[in-house]
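There are two complexes below, and they share chain A, which is joined by chain B in the first and by chain C in the second.
Right after this comes the complex of A and B.
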């Protein structure tokens, strides 16, 4: 059994705003195992970023966070003092965000910014500091590190900046990397390079990664396990293989179908009607029901329970209830199931 | 064959600062009633090309013709009505202090398209409905809408003056996946029902493949490949196009685990390279050597 690095149980986050309460996260269970990449997938407002911010203690003061467990390596984070949290965040849990520019101080040379973490956490002296900065820059594929260290952020290209941000996140050798849409703003070739870089660094530094994204192509590239979020809850969670080839939740189906398929260019692109619910009220029943062509009567009254399909795969959907009527997933999803059956067969041979 | 709505000949745009050749002798045309995709990474010159075509960016040399006339001879009043833009960030492009009804009606007012307040209101409601919104959006403000709804408002505003041509500048890249599909389907339907022509500027190659009749691939200010979408995607000939397409992630872990990313070295492109037709209007810079 893999070692648990992060454990979240029954996490709720509610924001108090002038317009009332917003029930942003409604009972999230999540485990990050040592050495794996777990992707949290969802649309804006699904609660994916709020979940990770709650974990990192980065939510604003109008957020009320409650959880049965919110722990890092067995240490309960809810009881942590502010100072210890800040320590942990810099040294053990590292962060990269979507916009590399906002993560960098425009008035400070690259080398100094990178070294700052080490000055704060490791009290390194100049020569040792310079060596570590140079090594960090080289490891993310930035040659001529000394020259680069003297530059300011605006003197770098977008790709160089994102590499610097990754180097900065990893320079203190953290255990966990939290990456929030790190490639969303990048061009495809740059995105491919950054993903390859993150994967290489993961192996080199023995990292565990929490990767937040809305792009299923990126997920397929990088994730070992996947959690699909909708309206503040995880609706389906499983290994990458289970989510991509044996998906069970109609929302997962919809996300997979909304990716344009090369072979169906003449047809209308599948699109989910409507928009995610307004979480100013806690949804009654299954929050996805109003947009779900597969919704049953009960979906509008009662929230679906969690059904465990395999040791790694679980789903919140009434379709998996023994009393649910027979249903047929969309053709594109059936094709994926077929693929899954073939994989399982091949694994048995 | 009808005359192309846009024809661009030898367009170059040089920015004085740093002598950057942003667009380097680019030629292409946009057939009336078609959707042309303009793809390339940041710095490829795609936005500079579009801005020059829209009359809001500089032209250093070359000509841009709209409906057969050089851009500087076209009547500005008519041109500004015929050509509209939809931007990436619908929030930034909508005035936050103005009600949605008034935002959409701006063009109607400017061009006196409604004879009285009742007709103005009627037109705005029809536009809201055309983009999948309802009349109750009229008196609300942009911040009350989701990203996808705001993009619908941006599209309604563009359609208000009954344009012939829309520049769609990354109109879906800021939206969520399920909403992207809604907007793309909406754009496709509007193009068909209103006989519009689009230039769709994007770095998302899979949506371009889905939406566009033909595609132009730009790199460092030049078109490296162009032609019918099926030909360019099905049989990419230029090394750069191949590298770009190989980098697109697929929602398929097995594919991703085995994919080979084709690398591209800018040295491959020679100054003297020209676009060569490799068949059926499929043009490749430097021909098959590209």
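Right after this comes the complex of A and C.
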């Protein structure tokens, strides 16, 4: 078993707003192992960003965070003093934000923004600082680093900015990179380039990555393991193979069917009807039930328990209960199961 | 850069022409003139003679032409109502008074305003924020004239701490005689405190919620450095660019404060000249005030370029 680098157990985050409480994260369990990429997938508002911000201690003051465990390399983060948290952020745990333009300070030169990480953590000065900044910019494929370091964010293209943001996150050689939808604001060609860049940096710097996205298509490219989030909970978690070829939760099925696929190019793309629940009240039963064509009676009364399928794969769904009636997943999902069975057989031989 | 200055100068000339013309004709349209008070009881012949001497008997358009031509030559003429007074005397005797009053107001008011603005933003939604917000709203709504009167009656009258009227003169024109300057300075400064507290608080709150502040925290930048390097720096942009206008307003706009505290500055003299229909002084002061405003606008442009790299009003290559 690989070394656990991040461990989250029973994480709850509740926001207090003028309109009442918002139960944004409701009991999340996550483990990130050394050297792996874990993708957290879910719709907007599913709590995936909130989960990682809780990990980094970046939530606003109206957020109440409670957890049984919230630890980095065995160090409990909940009681951490602000100064020690500052020491951790940027040096050990780095974050890439979604929108590369708004994530950069508009009135600070690129070089200074990158260098600030090293000024704060390593107290570097002048020449040493400049050399590291230039090296960081070069390592993400940005040429003419000295020239670039003197520019302001608005003078760069979208792709350049995202590379700068990645360089800034990695400049102090952190252990963990949290990438919060790093490709969402980019066009498709740039997405591919940025993904390739993150993968390359991962091998070079021996990173562990928490990759947040709403796009399963992107996940297939990069993740070792996948956690599917809905309404503040993880509903299914497994290796990339298990999630893509042996998915068990109806919400995962819906997400998979919503990914464009060449082999089904002439069909209308599936789209899940309805919207995620309003988390101003804690949902009763399974939060996904109202949108779930496979929902059982009990789904509306009682939250489903966690069913462990393999050492790596678990699901929260009443469908896996021994007393559940027989059901048949959508045809496309059955095809995936079929392929999974074949892969397993091939592996046995 | 040269091109910019030339363009601004042309704008200044056009603006001055329009402003002075409008002032001249408006003055001419008001019944009575600089000499009516002195000459109303004179015999008709004597009255005619006085008017002929001052040139006020000529038709409006002819007087307009004469006035504008002599102003072009830098000659504003002598005061009609206050013989011996010229614009150069105004600049030497009256302007320093207003300059000192205005600068004292700015130097006291803006730093205090910024301090309270930062406090209110950092302690958002606490009693500090609420107090600052309510007080600044109150101070902004009450005219400095009323504030001046209140200060006069309480600190000058009731408590008797400070003199009520007057301004240091002679060797103390620029420095000293502080007791006399305190009440009028505070009366004007309170408005600045309120304006700048609100301005900085609002712009800081905008920036507190922005992604790049989160980025800075995610980089592990300590909170005080986040505030100084990322928040205040960006929040200062609207503040810095507003400074020249505030200074200009403070110097020229203390008309009421100068009047109620009987301070012999350009504002008070302007009001007096207007009441006397004293065309040369009114025209001269108009030019002076307009030039100050337009100059401060130009300074604002320059400051914008200096503090915000996103703004390039003019092509830098020309500079």
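Just a few scattered comments:
Everything that follows uses one rule, which is that the second predicted complex is superposed on the first by the 339 of 349 C-alpha atoms of A that agree within 3 Å, B and C clash if a C-alpha of one lies under 4 Å from a C-alpha of the other, contacts with A are read in each partner's own complex, and residues count from 1 in each chain.
In this text, contacts are C-beta pairs under 8 Å (C-beta built on N, C-alpha and C of every residue); 3 or more make two chains touch, one makes a residue touch a chain.
In this text the structure is predicted, and so the values were computed from the model without any measurement.
In the three-chain model built by superposing on chain A, chain B and chain C fit together without any clash.
When the two complexes are overlaid on their common chain A, residue A:2 makes contact with neither chain B nor chain C. If you stand at the C-alpha centre of chain A, chain B and chain C are 70 degrees apart, rounded to the nearest 10.
In the superposed pair of complexes, A:215 makes contact with chain B only, with no contact to chain C. Once the two structures are overlaid, the count of chain A residues touched is higher for B than for its counterpart among chain B and chain C. In the overlay built on the shared chain, the residue A:168 is in contact with chain C alone; chain B does not reach it. Residue contacts after overlaying the shared chain place A:341 against neither chain B nor chain C.
After overlaying the two complexes on the shared chain, residue contacts for A:260 are found with chain B alone; chain C is out of touch. Of the two partner chains placed around the shared chain by superposition, chain C is the only one that A:102 touches, whereas chain B remains out of contact.
Once the two complexes are overlaid on the shared chain, A:91 sits against chain C while remaining clear of chain B. Superposition on the common chain A brings chain B within a closest Cα-Cα distance of 12 Å of chain C.
Chain A makes touch with chain B in their complex at residues 43-44, 158, 187-192, 195, 214-221, 223, 240-241, 244, 254-256, 258-260, 262, 265, 268-273, 275-276. Those residues of chain C that touch chain A in the complex are listed here as 210-212, 214-223, 225, 229-230, 233-234, 237, 307-310. Looking at the complex, you find that chain B touches chain A at residues 41-42, 146-149, 176-182, 184-185, 188, 203, 205-207, 209-210, 229-230, 233, 243-244, 247-253, 255-256, 261, 264. Contacts from chain A toward chain C in the complex involve residues 56, 58, 82-83, 86-91, 94-95, 97, 99, 102-108, 116-117, 120-121, 152, 154, 165, 168.
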